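Worksheet: one structure, shown below.
Each chain gets a letter, A, B and C, in the order it is written, and its residues are counted from 1.
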Amino acid sequence: MSETFTSPQFDQATRDAVSNDDVTVIIGLEVHVQLDTESKLFCGCSTEFGAPPNTQTCAVCTGMPGSLPVINERALQLSIKTGLALNCEIARYTKWDRKNYFYPDLPKGYQISQFDKPICGQGYLDITAPKGEFEPRRVELERAHLEEDAGKSMHDESQRGGNSKIDLNRTGTPLLEIVTKPDMRSPAEARAFLTELKLILTYIGVSDCNMQHGNLRCDGNVNLHIKVGGEKIATPIVEIKNMNSFRAAERALGYEAGRQLKLWKQNGKTIADAPKQTRGWNDADQVTTPQREKEESADYRYFPDPDLIAVTIEESEIESIKKEIGRLPAQWRELLIKEHGLKPYDAGVMVGQGAEVVEYFLVVAQGCGNSKMASNWVGQEVLRFLNESGEAIDAYPVSADQMTELLTKVNAGELDQTRAKEVLQEMIDSKIEVQAAMDKLGIKAVDNSEIESLCRQLIDENPDVIQQIKDGNGKAVGALIGKSRKLNPNANPGLVKDTILKMIGA
Amino acid sequence: MDLSTLSAAELVKRLSSGELTAESCTESFLERIKDRDSSLNSFVSTAESAISAAQAIDERRSTGQAVGALAGLPVAVKDGICTAGIATTAGSRMLEKFVPAFDATMVKQLLSADAVVIGKTNMDEFAMGSSTENSFFGVTKNPWSDQHVPGGSSGGSAACVAADLAPVSIGSDTGGSIRQPAAFCGITGLKPTYGRVSRFGLIAFASSLDQIGPMARSAEDCGLVMNVISGHDSNDSTSAKNDVPDFTQTLNDSLKGLRIGICKEHFGEGLDSEIESAVNESVKVLESLGAETVEISLPHTPYAVATYYVIAPCEASSNLARFDGVRYTHRAATAKDLTEMYCQSRAEGFGEEVKKRIMLGTYALSSGYYDAYYLKASKVRRMIKHDYDSAFEKVDLILGPTTPTTAFKIGEHTQNALAMYLADIYTVSANLAGVPAISIPCGLTSAGMPVGLQLQARSFDEASLLRVAHQFQLQTDWHTRRPNA
Amino acid sequence: MSEPIDRKTVESVARLARIDLPEDQIDDTASKLGDVLTYIGQLEQVELPDDVEPFFGAIESVNAIRPDQLTDSVDREQILSNAPDADGEFYQVPPVL
């Protein structure tokens, strides 16, 4: 940051007088994404989650003496793909460095990472607030670099000083670390960034972003800029670790911003008075707590890894990866809004469900010829089902073609909305197609003469309602529609209404 | 029949003709090791599996099946190179009980050529040293004088060949660790071009400098081994893809018109006068074979040792971080917590020289010093490489002494590390630049100690080194002189 | 950069390198490291062209990559067999205190 801050001491009264309007929250994020490769970054061991401990390791990923790393081509390609989707400059020359520190789940005593020549340089990601909580913002990305994951340490939590157990299955799994500039101004923006990032990564298929498996992890850097006494000060930066869901991230950042303001009001300490601190988010207690600093953790003694050679990336390779990317979420939203008339919020919800839902929608919208109807049905019926069942769209019992057939009948007036929903439910319950469901429900076409005699009966039997309509109370016809449904559930209510009005000359 | 003095080429010939079986050949060398190595200490271990491996080769040969180029030839391998199922210690207490699950690529190549690995040779711990005094398994003695060191770090590999305990051996060279002991022990040792021989399975000291190579009694024998161990390995990212010639095919090509540069920086202060005259005599031999000699300069030579002692310890400090007491190393029995486990295991498992170099490298890479040490040294390294590039525009080979002195006495330099480091003064540059270099015997001093002649060539031109060395050896008999003969 | 290294620095370097250094060896270590540092201090004198690129590795080719293909992992029993302490499933280390 080029801004400079003063570190004057303000007295208690001045500090107390600072209002929330004088405070800006400054947030930067570091996101680790596990790239979806079959094998590890530097050896052929599997990256599959959940195998028994220490069954997916070899000489290379356990750092046996004499073993050497060789880079996984797919990890490079997925990194480039991610960089392109995030508008990053793609390096034409990228190299590998060692980050040296001791930990039992780091077999070589160093992590192979990238220091000064990351595979992806500066980029950006635009975020918008789904419900308008903040103005649209462009979050600049500092870089994204490729590195190997560490293994897993399981410490004895009993406080009795038992041994720690080490599982190296995860060691060497490829991670892309995406680092933003301190560009976010609220926890909600941070959450929106993470949500959009995850969406992009899953759309382009570089990671499944499964947070339970640790395939997407995020740390946040947060501090406050405070306008006080005509000057601007900054509070010490805190890095928050262990934010293991987006909701947790939002809460942790919010908690930390509040804590920092309170602390500053108490002690007046600014960024000049304290080094960066690391705190962990405790989800159970909803607080951040100080993390024990790793001894000399700051001195990683980076230097170029002499076991690996540089990688050059050709323009042609970048171009061919570009072609694999397809539409990104923002482009899908724009398409849905502009070409299918969806409201921005609805487009956001639809796209937020993933590419398969969008594709489902497009098949239905194009097939039935009514985007608005398709959007309502997919947005309400389908998504409700998926939310309730927790299933993905490929598990939804009604295919896009069947949904299209159903909505085509609605669009043609052969089925009204209410009946159509009954049909849909029957299709789901009995796992049958549209026509079979209609047959099962006894739905058949009603011809004009039947409609006319039905309307004549309704007029004859309800003279007082007819009178109300004639007196100008148009809504009164609703009572007749209800009765019509009882007499003949297959009669189209719209048609019944129109016929009655015509017959009574209203 | 005494097999011990036969060349590898001759042994291979007799094995191939059926005059000799692999089993009897292997037995004979193992027997010699048993008889003579207790005082020499060139081996850390001998391979129990050697006899059965030799029998299997005989069996295949007798039933008419194909056998490899080195079928039945006994080979000794430096103990810093991984051998599956055979303890591999790198001369360190840290790895006293380590048994690798895999063979180094180079060992695989030897085995698939049907060579017989007869044992693992002693070395300075993690190849850090120039005397083989820094081994957890004791000092190796120079076969020419039990008062003297064999050189290092591949001292065991040099001594066992010089003492006829193995016809050929494998060493590794980070700053001179093949050539300097070859010179001290009166044998031929080749450090190939960086990338020529796979490093996969070589326990790393300094990854950008380490290179495996052959040690033997003649250039021809080195060539035989080079034919087997050279070539690209997809498991080593730094392995070169260059074509591998048949190194034995061009041994007899004429030296007429070959331009040999005499590096003036290799004849300065500190060079033993007897070595200087032996080298000058060698120049005359090569001239008589048609080579032209010119004086050249490698102007950054005076800084090579300093450059090396920044880069090698920096890489080593990181390479040796994996020896942490968790997966395969010595662990201190007394450690109560994680930090103690690290600090005590490493304090106990590493010897003094290794600890010193780790601390040196740790310091040089630490915050605030990177530019002054590692970065600066890497830039000087570029200048050293430039020196070679310029020189090789004018000449085909560079000639000079391998070492400034002959083998020093055991204990002579143990209190003066810098004096020890300067034993590598003529050899480290080749590692820094990546070029190949060979040391061949070119004389004996009045005290009866061997003198080494070093030849260096362009990257991937080991063939020229072997050719010149071979023809020199056709004209001279220094390489056939044996200790106590 | 050529001044000898002091006790405090030696202690912190030993800690960073995770090597226990007994109190009575600190001075000796400082002096031995100091000798080498003084010697390598001569690099300061080397004048370099402004545009000289560092040479980090003795091979300057690029792009050694492997396809994303699985190879067999090592049998757990075998890989744990070299460990000073393992329980059949995990490596074990003393607790972090």
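Simple rule for what comes next: a residue touches a chain if its C-beta (ideal position, glycine included) is under 8 Å from a C-beta of that chain, and two chains touch if they have at least 3 such contacts.
This structure is a prediction, so every number in the text was calculated from the model and none was measured.
Colleague: Comparing B-C against A-B, which pair counts more contacting C-beta pairs?
Modeller: B-C
Colleague: Looking at C-alpha means, what's the farthest chain from chain A?
Modeller: B
Colleague: Please report how many Å separate the Cα centroid of chain A from that of chain C, as a whole number.
Modeller: 41
Colleague: Measuring from the mean C-alpha position of chain A to the mean C-alpha position of chain B, what distance in angstrom results?
Modeller: Each chain reduced to its C-alpha mean, chain A and chain B end up 57 Å apart.
Colleague: In whole angstrom, how far does the Cα centroid of chain B sit from the Cα centroid of chain C?
Modeller: So the centre of chain B lies 23 Å away from the centre of chain C.
Colleague: If you look at chain B, which of its residues touch at least two other chains?
Modeller: Residue numbers touching two or more other chains: 98, 101, 208, 234, 237-238, 317, 321, 324, 326-328, 338-339, 342, 362, 366.
Colleague: Considering chain C alone, which of its residues make contact with at least two other chains?
Modeller: Where chain C meets two or more other chains at a single residue, that happens at 15-16, 18, 56-57, 59, 61, 64, 66, 74, 79, 85, 91, 93-97.
Colleague: Multi-chain contacts only, two chains or more: what residues does chain A have there?
Modeller: Only 59, 62, 70-71, 102, 104, 164, 166, 295, 299, 301, 306, 308-309 qualify.
Colleague: Taking the complex as given, what residues does chain C use to touch chain A?
Modeller: 12, 15-16, 18, 56-57, 59-74, 76, 79-80, 85, 87, 89-97
Colleague: Along chain B, where are the residues that touch chain C in the complex?
Modeller: Residues 97-99, 101, 194-195, 208-209, 234, 237-241, 300, 303, 305-307, 309-310, 317, 321, 324-331, 335-344, 346-347, 350, 355-356, 358-360, 362-363, 366, 369, 372-373, 375-383, 385, 417-418, 421, 431-434 of chain B touch chain C in their complex.
Colleague: What residues of chain B sit close enough to touch chain A in their complex?
Modeller: Per the touch definition, chain B meets chain A at residues 81-82, 88, 90, 95, 98, 100-102, 104, 199-204, 206-208, 234-238, 314-315, 317-318, 320-324, 326-328, 338-339, 342, 362, 365-367, 370, 374.
Colleague: Going by the contact rule at the top, pick out the chain A residues touching chain C in the complex.
Modeller: Touch list, chain A to chain C: 37-39, 43-46, 52-59, 62, 70-76, 93, 102, 104, 154-156, 161-168, 295-296, 299, 301, 304, 306, 308-312.
Colleague: Per the contact definition, I'd like the list of chain A residues that touch chain B in the complex.
Modeller: Contacts found on chain A: 59, 62-71, 98, 100, 102, 104, 107-110, 164, 166, 295, 298-299, 301-303, 306-309.
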